[in-house]
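Structure provided below as structure tokens; questions to follow.
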Amino acid sequence: MNISLLFADTEFRLKLHERAENHIQVDMNGETFDIRVEYFSPEEYLLNIKGKVYDVIVSPNSGSYAVCINGKNIHVGKKSPLQLLGGKSVRSGRREVKTSMPGRIIEILVQEGEDVEEGQAVLILEAMKMQNEIKSPQPGKIACIGPKTGESVETGALLFIIS
Amino acid sequence: MGKMFKKILIANRGEIAVRIIRACREMGITPVAVYSDADRKALHVRLSEEAYHIGAAPPTESYLNIDRILQVTAACGAEAIHPGYGFLAENAEFVRRCEQEGIVFIGPSSEPMELMGEKTAARRTMHAAGIPIIPGTMDPIRDEAELRLQAGEVGFPLLLKASAGGGGKGLRLVKEEKDLVSAFRLAQSESQSSFNDSSVYIERYMEEPHHIEVQILADQEGRTVYLGERECSIQRRYQKVLEETPSPFLDDAMRREMGEVAVQVAAAVGYQNAGTVEFIVDKHKKFYFLEMNARLQVEHPVTEMVTGIDLVKCQLEIAAGNPLPFAQDDIRPSGHSLECRIYAEDPYNGFMPSPGRIERLRAPAGGLGVRYDNGTYEGYEVPLEYDPLLSKLITWGNTREEAIHRMLRALSEYQVYGIKTIIPFFQRILRHPRFFEGVYNTHFIEELEKEEESLDPEEKTVALIAAGIRNYKESRQSLSPCPQKPRSGWKIKGRMEAFSRRI
Amino acid sequence: MGKMFKKILIANRGEIAVRIIRACREMGITPVAVYSDADRKALHVRLSEEAYHIGAAPPTESYLNIDRILQVTAACGAEAIHPGYGFLAENAEFVRRCEQEGIVFIGPSSEPMELMGEKTAARRTMHAAGIPIIPGTMDPIRDEAELRLQAGEVGFPLLLKASAGGGGKGLRLVKEEKDLVSAFRLAQSESQSSFNDSSVYIERYMEEPHHIEVQILADQEGRTVYLGERECSIQRRYQKVLEETPSPFLDDAMRREMGEVAVQVAAAVGYQNAGTVEFIVDKHKKFYFLEMNARLQVEHPVTEMVTGIDLVKCQLEIAAGNPLPFAQDDIRPSGHSLECRIYAEDPYNGFMPSPGRIERLRAPAGGLGVRYDNGTYEGYEVPLEYDPLLSKLITWGNTREEAIHRMLRALSEYQVYGIKTIIPFFQRILRHPRFFEGVYNTHFIEELEKEEESLDPEEKTVALIAAGIRNYKESRQSLSPCPQKPRSGWKIKGRMEAFSRRI
Amino acid sequence: MNISLLFADTEFRLKLHERAENHIQVDMNGETFDIRVEYFSPEEYLLNIKGKVYDVIVSPNSGSYAVCINGKNIHVGKKSPLQLLGGKSVRSGRREVKTSMPGRIIEILVQEGEDVEEGQAVLILEAMKMQNEIKSPQPGKIACIGPKTGESVETGALLFIIS
């Protein structure tokens, strides 16, 4: 099976071949890896690559996998048509800012239609007893602000759009 | 041992409630837990012997609800209350209420607490007692006009600090005059929300400062000892994340001098029980009184690791009226200890809090010199309403080098799946040459964040392969024998209700 | 520190392999694990940096397979082998092979090991060196005729012991002459199966004996120190289950005397690296050399807890040729430490081994003074083929009382579901007044087993209610969202194959 | 719902009534308990009985439940017609001895038809590196021995019958 993955915006093409129940061969960018795999659960594997052992947890996020190795988290993107058209890419300068955590909107610092600089605080979100300034990722005009002051938002909710 | 309580109530949650429960169980004291709607399944409830519901998820309706907590204490027959840290721990009003109702508060009495809780009053008292304080205002700022005036006198950069503050809440660094007013408003708002008191004052911002604190214990007979210092300069957003003892910045003479000043600070206010005197040490090794924390600190375990003294047990002994069983000369710290505060935050996304269900948890506990003070378990849903501290990982070593390597080893065994944690960030800190050499101050993390994170090419390759295998397995759907159980309706409902009540 | 290995191979499994891997990771040494068919998912494989398969599940085909282990060592470029305990740890033939192939064996050289491994030879040597030994035969028993003759001379009760023995294997107490021959045959058969050597000898059975051992360390320059004793009298079937240090039976003078004799024992055979000298101490506090264990002991952690010295790291330093970094006077044990060996055995059913899958595991790790040396994890299938030791729970306290209370607290947090463990049995021991007073000898468990186990009526009521609720929920079938996944066919098949190959 | 359970051969009659999702009322031997229950999994519960907290694991065995409380294991029998007729009860002096662990038969020490005393070793079973003597629970005649020397047995396998 052929799979395309993204690491830091670079594409990697993998060819996987399951040779036996615990034995997978992976060809990646011209190199071949013979891998012994033990499965603990759908997300936990033990990989043995030429004697070197890696105990990994692979958890899927939307559009990517977070791979936990040696306590570190490494993000690997899934390549798919959706990914290429996805919300995060800059399309005609318009960008949606979503919240990565649930919380409550304490204060909205700018008006819709106002111009903001990159890094300027747009609103304050409180979660887990901390107030976090949510900043504009780019200069532009605030096209729309999703929530109102005092409102609570769930993970992934649209906070504002800059154009 | 002299007299001791039979039953105490713990007016807290999370890892510190568990910490206190463990001490009680080891002393034959019945620990009583209290819990909010969000904590019905929390670890501190599971490990307690008795547990009572005290209200809805928002702290003001549960862990800050003085009437309800006192009512439960009386009903269950507990003789004393341990407040932990945060919540009611430094609430002098609560201490007074305990005093009135004949319940022992495990901590100082209300007068020194009130004085130390009002940071500006503390500054005035210490100044009068001849203890060096940081230049700045002695009273809270009344309005924006006074703010501008006083700021001009102290000079930029300066710190705005909550008078009732602690833990980095209500604290703002102001580098330039143009940011002064907005920072003042944020600091006031955060102070109000965290401490129900919006007072803010000004302190000069010290250059390349070290944040070093001294643990003290004072019994009811006035015998006061210091138990060495903790270096707390590794801070993010003015909040400590990693602490160690001894401080690599101090020598033995300065260590003793600061210890003796800490004892003087405690004496100046008639302090009893465990407390911490915080100092700012500048680059010239001059130290200034910052504040006194009239409670157990989050980072108390590092002191326990090098002294072998259980500070919570000492708190209980002192509160019960027993004398300290050791003198200053009996305290001989040995080795080195580090603590990492494991927060549910995403280090790859601006340290945003990451509440949710811990799907899988491999605790790092194991081997010599590793201590795990936990407040969570596998399957636990980290609530949105409280501090994101999941656990504390503490290591001890004969040398600082051994303690650091041990921490790296333990962190590499610590696996959490389901929520994000700052574990990878600690690995960066601990592997950094400047940290390893012990040459760092409170700017360390700010500077670290500007550096490019390097990735081991081998780990990158393995991550790609692992993701590839998961992708392959998903496409075959051969790896999901047990589909994710959807959240039950009542749970989401309860959570939403708790939340809306808060707004 | 001087020179150090870059990579070492660990010729073991379970908790001790994990223990050594942890030390390696903390020292920057690459640990290499080896594993049998039954251990493909074992914790020591998961935590290592490299791992190689060495054969089928039966030890003779994997962990005892000298050729295969040496071949893997050479192929992966490891400079040294740590044998752990058991398996090849005291196999002089293996040490010789390492010596021949230029691989460093982390332990003593082959001559003292051979001598100490042959218990009768050790007895002869120690007798010659003026060290007190237990009355009995100096050579293995040749046949049943000699058996009867020698037994008559030594007198009943007596012990039959494997010459190559250790860990209670091949050991039989014979109280009366009528049991002599059958016990001899059992001892021979068990010796043969455990050590591939059926030699058995006779020792007088001491009355109310204490089993006390002294840890020593000897570097390549001949500097030898003792690190205090371990009281190992809590034994079941002549196998230690709970150890503590210091021994409540010894005073400081005797402690020092036994330490010095232990150093003499090591010197008498030119011993290097870590070793343990075992003594029997009779009710008159007279002590006799029992044997020397030429390896790391299972119970080494209690010594580490009171001295702060990492014995595995010392082993590696010594093997690399570095001198001991401390002298006898630098070793100042502080506090008290206990170890409970958590076996997968059913205490309610004659301590029968209980292999199987650990469905749920709440590790007891947490808080000050608790150490958890584990070889398992949740979801792990405890194999049938090896020792049933799951983990070791170790506590430290300022006093013996604190260490005991801490152990009880930690045990109360230790939950294992899926297999049986001897945790409840430890709770009985630790709560027993005689244990608490420290007045016990090797007969303690035997006597305890005759006592009726008392049950808290409250716990009985709750058990009935809990079982009632489960029964109720089962009948509603409302509690099983994720039905138990059946064992996959290949796994059962692999297990059966491994098993049949053994027979 | 009515449930009968056995504790140390004494019968206990329980009447359970689920008053709300996390609230069960239990009547047992004339006493009434109001119980708050939190469920962590099908076998793990947190019981709160008038403020007292019990974190329990209830695992089913054949014919009984093992309840783990405070690290202790307490066995509670299920009462059912099968239980009353079950293998463990002494029926006309005939008793089956089964193995509670898998292992290998190292040696058989008596012959079929031989008389044995209570506590006399009948065979030796090796498991997890230990040799265990399996003794006769009562005096009698060995009617039958299940496995042969060298054979491996699974948990629950019949070892011998005494009559």
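Some observations on this one:
So that you can tell them apart, the chains are marked A, B, C and D in the order they are listed, and the count of residues begins at 1 in each.
One rule holds for everything that comes next: contacts are C-beta pairs under 8 Å (C-beta built on N, C-alpha and C of every residue); 3 or more make two chains touch, one makes a residue touch a chain.
If you're wondering where the values come from, they're calculated on a predicted model, not measured in any experiment.
More C-beta pairs in contact connect the chains of C-D than those of the other pair, out of A-C and C-D.
Computed centre separation for the pair chain A/chain C is 48 angstrom, with centres defined by C-alpha atoms.
Our note on geometry: chain C versus chain D, Cα centroid distance of 30 Å, whole angstroms. Centre-to-centre, using mean CA coordinates, chain A is 51 Å away from chain D. Averaging C-alpha coordinates per chain places the centre of chain B 40 Å away from that of chain C. Counting partners per residue, chain C has 47, 412-413 as the residues that reach two or more other chains. Among the residues of chain A, those touching two or more other chains are numbered 41, 52, 55. Those chain pairs judged to touch are A-B, A-C, B-C, B-D, C-D. Interface residues of chain A, counted against chain C in their complex, comprise 21-22, 38, 40-41, 46, 48, 51-53, 55. In the complex of the two chains, the chain B residues touching chain D come out as 32-33, 40-41, 45-52, 76, 379, 490. Interface residues of chain D, counted against chain C in their complex, comprise 1, 3, 5, 7, 12, 14, 16, 18, 24, 26, 28, 33, 35, 37, 39, 41-45, 47, 49, 52, 54-60, 65, 67-76, 78, 100-104, 106-107, 124, 126-132, 150-152. For chain C in complex with chain B, the residues that touch the partner chain are 18-19, 22-23, 25-28, 47, 301, 304-305, 308-310, 334-335, 362-363, 365-374, 377-378, 396, 398, 402, 405-406, 408-409, 412-413, 481-482, 485. Of all the residues in chain C, the ones that touch chain D in their complex are 169, 186, 189-190, 193-194, 237, 344, 346, 348-350, 352-355, 359-360, 384-388, 411-415, 417-418, 420, 423-424, 427, 455, 458-475, 479-480, 499-500, 502-503.
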